[in-house]
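Given below, in the form of structure tokens, are the structures.
Paired with subunit B in one complex and with subunit C in the other, subunit A is shared by the two complexes that follow.
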Partner chain A sequence: MNSFPRRYHAAVWDEPLIMEQGAPGRRGTVPPGPIEAAGDLLPEGMRRTTPPALPEVAEPDVLRHYLRLSQQTMGMIGISLFGTCTMKYNPRVGELLAARDQLAEIHPHQDDAAIQGLLEIVHEFDLMLRELSGMGRFIFQAGGGAAAAYVHACVTRAYHESRGELAQRRDVITTAQAHPCNPATAAAAGFNVITLPVERDGYPSLDALRAVVGDGTASLMINNPDDMGIYNPHIKEWVDLVHEAGGLCFYDHANFNGVMGRIRAAELGFDACMFMLHKTFGAPKGGGGPAVGAYGCTPELEPFLPGPLVVRTDSGYERRENEAGVGRVREFLGNLPQVVKAYSWTLAMGADGIREAADISVLANNYMETRLLAIPGVTKSFDHLTARRLEMTRYSLGEYTEETGVTAVDVQNRMTDYGVDAFWLSHEPWIVPEPFTPEAGEGWSKEDIDYWIDVLAHVMEEGRTDPELVRSAPHNQVVAQIDTASLDDPARWATTWRAYRRKNERENERQNEREVTA
Partner chain B sequence: MTPRLGLVVNPIAGMGGRVGLHGTDGPALEAAIRRGAVAVAPHRARRALERLRALAPDVPVLAAEGPLGGDHVTGGVAEILPRTRTGPTTAEDTREAVRRMADAGVALVLFAGGDGTARDVVEAAGTSVPVLGVPSGVKMHSGVFATGPEAAGETAARFLARPGACRDAEVVDLAGDGPRVFGVARVPDAGSALQRAKAFTARSGDADLAALGREVAGEMRDDRLYLLGPGTTVAHVNAALGLPASLLGVDAVLGGRLVTEDASETELLALLAEHPAATLVLGVVGGQGFLLGRGNQQLSATVLDAVGAGHIEILADRGKVAALDPPVLRIDVGDEHATAPITGYRKVRTGRGRSTVLRIVAEGLSRSPGP
Partner chain C sequence: MAHPYMPNSTPDARAAMMRAAGVTDVDELFEQIPADHLAAEPIALGDGVRAEASVRRHVRRLLDRNDSCAENLNFLGAGCWQHYVPAVCDEIASRSEFLTPVWGTPSSDHGRNQAWFEYASQLGELVGMDFVGLPVYSWGAAAGHAIRMAARMTGRREVVVPATLDPERLAVIRTYCGGEGGEAIAVVVARHDPDTGRLDLADLEAKVGDATAAVYLETPNHLGVVEADAAAVARLARGHGAETIVGVDPISLGVLKPPSEYGADITVGTTQPLGVHMNAGGGVGGFIATRDEERYAREYPTLQVSLADTRVPGERAFGMTLFHQTSYGSREEGNDWTGNSVYLWTVVNAVYMALMGPRGFADIGATIAANSAYAARRIGTVPGVSVRWPSGFFKEFVVDFTATGRTVAQVNAALRARGIFGGKDLSADFPELGQAALYCVTEIHTADDITALVSALHEVVAA
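Take a look at the complex of A and B:
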């Protein structure tokens, strides 16, 4: 029997950037010279005058560099109960399927006749999602959940334009606990955003909605349950109210895991919904692979979908443009390897398995809740509500922070010293102080969940006896705390090597000047 | 020169809270002590300083003497600002210490207290030196406080390491029965990704409000009278028009011109008689969601009636809205007839093209139960 907590230490390499390694002239492979001069094929204006600044490194150094970086990945190999993200195991068989030549080696411009199997999978999976939601058609073009929300904003625009009401319907209504992609994409599509605040019941009131819904309403964009795990039982009345006013209703199914197979968007009256294949449907996420936001809508909205659509004909499957649609939100049919993985996952689970998984994820969360609330200093958001939370619960360390001065971020950092991935805090705005939001899902074992809870309790106790130990954490990780000030400073933030060099050289010069004048 | 921190502690702040009083202003202090109140602010100031010292051991501190500061400093470089007065400490001690610290060129004044202390600090400091509050009082409606003592220490340490962006924050206190803006202070812009604190809005806050100010200004019609209420939020509308703002009062604008600055009730009624088509633009005062209180006596029931409930635009900072618990705005003008049409769910604008819906209730602190 191992003692608690288990011993853990991440790999630490202090690995330099690839641009800082190597030496001039060093090579991995030396390719043969060109058979004929290719320079003439390029227009004069496109030819470089100086060669690009590429790293010059030997092959073994390249291999070691990326191996070390992979060892320094913080997360995904610990216990990850990262709420709102539904961190699932991604079955290896999905990776094997996606790596097969029939998928990995095809080109999107190949003739339909040459990719019938793949188009069949796309169609079949569309049918499965229709069954889960009651919608009329799904597309997989959006490269993530927020992109699918943006599809809805575009479809909303096209729908009201087709009815000559776009000039008048300027408002998209959402809630303070909906995912921020809903207001963000609505604003990006040119709509005004009305955000309803959460009231005492844990969700916004129908009266607040009533006060703003009207002939200016374009759409409602909403999650249910929200990120606190609270399900709004009046959702059908909300949808009816928006429909009576002539608006559309979009169900952001980011938190689908607790209600899979239990509710269907169409039966609640929604016109459209979105599923994230990279979380709910077992495909990788978080750097493990590209994402897919599957957007589904009723037949009434289908004419506005971005094309091409996959349709079944007597002679097989084909991709067909959607003439009145909104064009493209992304190229081709989307990240099809992820669609194949999600298809494989869904087939393996079956309808009963999916429903059972939803139930297990709710059960696991309620088990966690019982244990977590027994830890002194952990409180629950809206703790006067007695209804059970679904697949997540939002907690607060506010009382603990007031007592010890140790914050939720400090606790989060310290937990990673024990082989537990950083927990999720809360989307903005924080309506409970020092929030954290774990999500157990259906896949994590009771042993893993118990260990996670024990680590939290252990770290909180450490914070009482030795707050500095927790505040200065992590100690066993790849890196310790970093100065985040530059993230807010356009003069210092950098997303490329070139920008990093330019800004830091300037910064160093300024620093030197300051020292000289002082 | 290394940036210096000024430290002033209101040793009696917060003593009323746990014994059921609303503050320790004036005679309330004696009552608090009779009821067995213990000092709160010194302990909280020490917590903030410990955190500051852990992050910035070498920051020189200029502390007011004795219980006003110096007693709570442990370790590090500290200089004491001798007290010139005798007898029990009063608000004048706070004001004098802050004035002298500003003169001595401190980079930041850290104070421990509540809204009353914040008033004294801002009265002395104005906007000449940034200030930051260690929340230690009974009432903390002002936007100058960090979320907790440690957060105050961290924000101060970060700011002193790299004195940079500041923003305006309202100093709000109860006057009579309602809250009122007493002044505007400069506070460190603690907008780092990991420093999201309820009392502070994210760095984008000011940009959002500036955009809202331009949007509201852009909608203005030349033939309409606009009454711009108190506070820093509405001041963004003045700024968009290129007009000065009387942060504590109501400004009247017509045809893009300022017709009356800091108008009295009589002046407002005269303007409204001449220009019945009018819009009142209001901000939310302090952290407790006060829209209209007895602090804005110029915005009387008669004035509200003349404007008409349908012509009131409400603007609010998103951070302030998020901090409202419950999400309601309060009005207390003591007149059922004038307030009834204003109450209920109303749209509140939080940014350009952004709004929320808040319930407006007619009640004042005067009628709410004590803590």
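Take a look at the complex of A and C:
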């Protein structure tokens, strides 16, 4: 048994930018030459005259550069209990399947007859999600959870327009604990957003909803449980209230992991829901996509879905336009490699495995809670609520910060020094001070969970004895703590190398001028 | 039996955690959920398949029913294009470190953030712009966001787009422009000149005015034609106080001018040709780039990384800039919305651009221009088959089958029987073009490929 903590240090290569590497004339790849030489084929005024200032680097050097950058990336090589994102194992068999020519080298405009296998997977996976949710149909066009929320906002628009009520139904109701994508996509689709504050029970009261719902209500967009692990037991009454007023109800199922196999969105009365294949269904995150927000709805809303829909016919599977639908939210059917990975994951898990995963997720979270609350300085959000939380719990380091001056962000940074990925704090708005939100899911062993907790306790103790050590963390990472001062300064921010050089040349010139003047 | 994906699916692990949590039955932990919320019937999916070999064989058998562009000869483009993907791109895309991260910190996911910065920096060189956001879902999404940026900047609610626009992309743009009672931003369609395939400047002039937030054009346009009058379009837009948004395929930018040189204010486009497989349309991504001016920067809906200092003198890190204006920072008060996007492809795009370098882009552009011109010339020799605009195009061109007396659907069905995916059928979306198809020819095509296509077309139209 190794002593605690394990020794760890991130790879440090001091890797220069690719733009600072190479030498004139080097080639990283050589495209095939033309079939036959041709003169100037393009309109004269549109031809490029100055080559782009790209690096000239040989193939092995490009490879090693990006391998080094990969080594300078923690990803899920460490322990990542990043709440709300359900960091679970991504089976690599899915990667091998998705890399096959029969998926990677498929063109989206190929004839339906040429992609029957793919369409069958899309259809079969749709059926699996229908079984898990009770919905009537799923589409995979949305490239992430936020995009699926946007699908709902657009479907809502089309639904009310078809009934001649769009001008009147301007309000989308959500809660302060809903993911920001819900209010943001509603606003982008042209709706007014009403955000209900969280009350003493951990969710807004039915009376608060009653006060805002009415013939101006277009839709409710809500998650349940929320990111504190609190389940709103009145959700059926919420749905009934909104329905009585003529609005739609959308279930953001980002937090499905703790309830999968136990509840069905349609049985609770929801008109639509969204699953994230890159969270709950085992597809990888990729650092932020490609992802899929699978959007499902009842048969009543199906006419408004963006097309094309995949349907099974007597002669096979086909893509069918949805004439009254919202057109497209994104080109083509969606990120189908992620659908294939999620389908493979669901096959491997089965009904028994999915139920067990929810059990383990909730059990692991409650186990964590027992241990975390034994650490002095860790408190639980809404700790007057005694009922067991689901797959995650939001905690606070507020008391600890008051005591030590060390913040949750400081602790987060220092934990990376032990090979632990930064924990999740909270979406805006923060309703508890110095929040942190771990989620163990079913993919991390008890040993990893224990190690994570031990590191947190160790770092908090460090913060008491040597606060500066934690405030100035990380110390064992690829690079030290970022100086954020330049990030929002127009004179200094630089999203490209050319902007950086331009701004810093000026800075250098100014400095030179100052020196000359002095 | 323990499940291989679940380390804690052993009786011992469960028992230890249950003991610590003080429960004897896991169901006790679900006490928050009222009984009448529980599923009426158990989930009727099969039992899990723990043997990876079985899962793999099952899914592989389904996928093997697809005919891919690898073993067939493909001439489909129209929003997703078959280019050669260098092996190094696939190697880097499969690295677990890039495949799995979620958020991280600038210190612990430094390598990924640096790759993102290298993506933005290299793309900025191609398009000639120095502020580049991290990508969005697709070209259509990028155009949609850019139009919304222009509307916010100008306070106007109209965008003028070309009639040649890809209907798939136009549908996305219309969705993004939607709002109360139809369109919050009116989409005005400007005609193209049937003789050239380019925007009709006179029609454009009639449609651009004081209400125009932006003129959106693409070059080459969806039908492959280079918009030779792009500079005049930009001048016209500027004259009316409108923004010029230009959509480009970056693979053309080794031989075609960067949009900044002919007056683009915002450049958008696709990232898929830069080292990403087609993936049945799951390879697409879109970018947004502008001058580094606050007027533009403060309207971005995207995340973006900025090169910054660390606490150690001389050390660099890459952090999020202008985060507060995103939906993560400001919910509905932010610019549009952001979320998971296509950031793994961003890393791949960076690798691809680094491999290509300035000469690679010049070479591939020259090859694509030459190969597509070569193919068009030879296709035009087939009886009854003509190329609608036989010069001034890049990569894609319109082939007219009307005089053969056959529909594109018939031609394509016959080609498919010969292992060839013919060009995208335009007859429904662009009926004025007749029985026309959009053919895509890239650096992957050889003289033999074109000969095979032309021979097949001879047979098909003679049959």
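Methods note: the second predicted complex is superposed on the first by the 471 of 518 C-alpha atoms of A that agree within 3 Å, B and C clash if a C-alpha of one lies under 4 Å from a C-alpha of the other, contacts with A are read in each partner's own complex, and residues count from 1 in each chain.
Assume a contact is a pair of C-beta atoms (placed from the backbone, for glycine too) under 8 Å apart; a residue touches a chain by one contact, two chains touch by 3 or more.
Computed from a predicted structure; not experimentally measured.
By the document's definition of touching, neither partner reaches A:L241: not subunit B, not subunit C.
Once the two complexes are overlaid on the shared chain, A:R262 sits against subunit C while remaining clear of subunit B.
By the document's definition of touching, of the two partners only subunit C reaches A:R157; subunit B does not. Once chain A of one complex is fitted onto chain A of the other, the partner contacts of A:T484 extend to both subunit B and subunit C. Look at A:V193: by the touch rule set out above, it reaches both subunit B and subunit C. Considering which of subunit B and subunit C touches more of subunit A, the answer is C. By the touch criterion defined above, A:R210 reaches subunit B but does not reach subunit C. Contacts of A:E402 after superposition on the shared chain: subunit B is touched, whereas subunit C is not. Look at A:M392: by the touch rule set out above, it reaches neither subunit B nor subunit C. Look at A:R355: by the touch rule set out above, it reaches subunit C but stays clear of subunit B.
In the superposition on the C-alpha atoms of chain A, the part of subunit A touched by subunit B in one complex and by subunit C in the other spans residues 183, 187, 193, 195, 428, 484-485, 487-488. Contact residues of subunit B toward subunit A in the complex are 1, 47, 51, 54, 147-151, 158, 162, 191-194, 196, 198, 202-203, 318-319, 321-322, 324-327, 344-347, 350, 353-359.
On subunit A, the positions that touch subunit B within their shared complex are 176, 183, 187, 191-200, 204-205, 207-212, 401-402, 405-407, 409, 428-431, 433, 468, 471, 484-485, 487-488, 518.
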